[in-house]
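Below are two complexes that have subunit A in common, paired first with subunit B and then with subunit C.
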Partner chain A sequence: MKKGFIVLLDVLVALLVSFLLFAIISQYVFNVYTFDNYKYVNIIGYETNVLTVLEKSNLFYDALENNTTNNIRHFLNRTNKNVCAELTVYDSSDNLLFTVRKQNCQLTDSYNVMYRSFIYNNNFYLAKLVAWYK
Partner chain B sequence: MLTHKGQFFTLEYLFSVIIFLAVIVLFIGLNSTTSSIINTTDSHKSIHNSFNNFLDIFCLSKGFPENWEYLDLNSIESIGIVKNNYIIDQNKYLKFLDLNSQYEEVKEKIGLGKYELYIVFKDLDNHVLGKWGIVPDNNVEKIKTERYFIYDNNIIVANIRVWQR
Partner chain C sequence: MKKGFVYTISLIVMISVLMYFLIYYNYHITDNYNFVIKSTKPVKINYVVDDITYSLNSLLGTSVDLDLNNNLKINIKDNFTKDYNLDYFEYFFENNYAEKSNINLDLEFFDFSNNDYNIYFSNNLIYNYNKNSKFITIYNIHNIDELDINIYVKDVNYIQQWTYSSTGKYVKINVYDETGLINSSDGYINNVLCNSNTYKIFVSTNDNNVILDLCDIFYIKENSNTDVDFNLSLIENSYTDDIFAYYDVNVFLQIYDFNYNNHLIIDKIRH
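Entry: the complex of A and B
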């Protein structure tokens, strides 16, 4: 008596292989949609927020006027514990004026950079904020 | 007396049954895992989307109508506490804190009807300036973020927590 189709060994092996392939592919597909996307959105939100507040609270002007970054440092150190940040300000000739990094932070390979320009005493300045997750 | 084993007892058949069962078990396991991942992903996406929409409106808009702080809650479409990006409007801020007694209604207005919300406003030295919402349990999974505002020429921090009811 010949075996029926359903009990054919090669069909079952083929089914098993298909399911294994499906499992591997689906794992890959689902891993693409991790919450790194949200993290990325959050870090952009953080940078936008910090740069806006630094400018509108006059902390940039305070640093340029009084030649001290203490207030900026105090603010940056107070921001979100999970996020590290480094702020650098350049003048219009691209000369580095000052850099402030949050305490206990080491730069990693994965970070996001945001720029914001501002005018002080009729001069153009550029603030660069690099932020990354701890 | 039988001289040959029947089909049921052949090694090949038993082997095929084992593989068949393995496939069924794998299918059930995979289906369950996949459904769970889809549900969790959908749920997380939904709460993150609501949260981000809330942050945009609350932190970056004046609300609608723009003079909502002088209106009855029923006439308010959305609530924002700033007069410009991240610069807090004092009247809107105080009115918002005042609306804590109408927690459920306000949550609807800010697009977080399905979720719970807790906001603590602090200065940079961690002094609490205001609180809004209900305090979350420690064991609840929450989305947390901070937003920084300028209030009365000082920087203040809003600790924001949202979680599923």
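Entry: the complex of A and C
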């Protein structure tokens, strides 16, 4: 009876240790592959779409031609409500020309960056879009 | 002793089962994660290739648009007033753009210079622009059934039309100047010899002209030293294959561990 009790206790302790080990390792696994990693894919889709539309709808051209970012701001504000974005345009010498951020957005530590080139009057420009979830 | 052995075995089995589930779960999660991350690579590659193509089109002032239903329609928009620098284009993308985008990019221009370039189509059509001779030529047009031409010429004085036949390729031509549409005609052209039956648009400023000819090739020759823009639609009836158009520019692109090595595709449609 006593022996059986000791063995049972031994088994229970062993099981507890196993579960703890399992929990610790699982926690490590979960931390590496969190849902945030999957969000990254959606953010890339958002950024590529926004940058492509901005170029192909001539909104970059309009901004430089008319020296106003109103149309770009208006467009960004109408994109996905759960995503924040900040657009910055540089010339080919890396001089900052303008920055537009979506309304009610504060930059966070977790974001993704995509670039798009465009040409205006035979000069080359780079548009940088930083996007993150609200 | 025997009991202890049974317990030990039971414990080993239990731990093994737990470890199996852990490893299975880990593998499953990692596999899904890798699948999702890898799925972004084609998106990024298509995006970068589209970005380079669109910029090159902007630089050249050229655009190609393919439309495929039962018939194939190739739309080409172009002009004769170009002043581009391919060396800087290559430098900008291989350095500024690639560095910022965290990719390796190498562009190689083949039948392409600051004065001359080709657009190739998978149905063997070749579009050639030559700045020095001011010629735009389309080769291998034998399968084309219809040609729609919209051409803008500044300061038109008068037009000398070609003679239409009862057979051949069906052609519609609209000529515009700064006042709007000034001439429109259509009919069949069946020119066996080039330069035998041409369409000439004379400009008032210097009495020079723009010549269009449809024979075994189609060409536009710009002699007028004025602004000329055009929009061509080449239609091939009952087309049953895939179609794509590309510049003879090789793009080598490396994103993470994934390599892309292909021509610079302008547009592509699967049948």
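Criterion: the second predicted complex is superposed on the first by the 119 of 134 C-alpha atoms of A that agree within 3 Å, B and C clash if a C-alpha of one lies under 4 Å from a C-alpha of the other, contacts with A are read in each partner's own complex, and residues count from 1 in each chain.
Going forward, a contact is a pair of C-beta atoms (placed from the backbone, for glycine too) under 8 Å apart; a residue touches a chain by one contact, two chains touch by 3 or more.
The shown structure was predicted, so the numbers you read here are calculated from the model rather than taken from an experiment.
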| field | Partner chain in contact with A:R116 - subunit B first, subunit C second, else both or neither | value | second
| said: For A:F75 in the superposed arrangement: first (subunit B), second (subunit C), both or neither? | reply: first
| Which of subunit B and subunit C A:F22 touches, first, second, both or neither | both
| request: For A:T52, select first, second, both or neither according to whether it touches subunit B, subunit C, the two together, or no partner. | output: both
| message | From the superposed pair, tell me which subunit A residues show up as contacts to subunit B and also as contacts to subunit C. | response | 3, 7, 15, 19, 22, 26, 33, 38, 41, 45, 52, 56
| query | For subunit B, which residues count as touching subunit A in their complex? | reply | 7, 12-13, 15-16, 19-20, 22-23, 26-27, 30, 34, 37, 41, 44, 48, 52, 55, 59, 84-87, 124, 145-150, 153-155, 157
| note | The answer for subunit C against subunit A in the complex is residues 3-4, 7, 10-11, 14-15, 18, 21-22, 25-26, 29-30, 32-33, 36-37, 39-40, 43-44, 47, 50-52, 54-55, 58-59, 83-85, 88-89, 92-93, 96-97, 100-101
| request: Name, in rising order, each residue of subunit A that touches subunit B in their complex. | output: 1, 3, 7-9, 12-13, 15-16, 19-20, 22-23, 26, 30, 33, 35, 38, 41-42, 45, 49-50, 52-53, 56-57, 59, 74-75, 78-80
| field | Of all residues in subunit A, those that touch subunit C in their complex | value | 3, 7, 10-11, 14-15, 18-19, 22, 25-26, 29, 33, 37-38, 40-41, 44-45, 48, 52, 55-56, 92, 94, 114-119, 122, 124, 126, 128
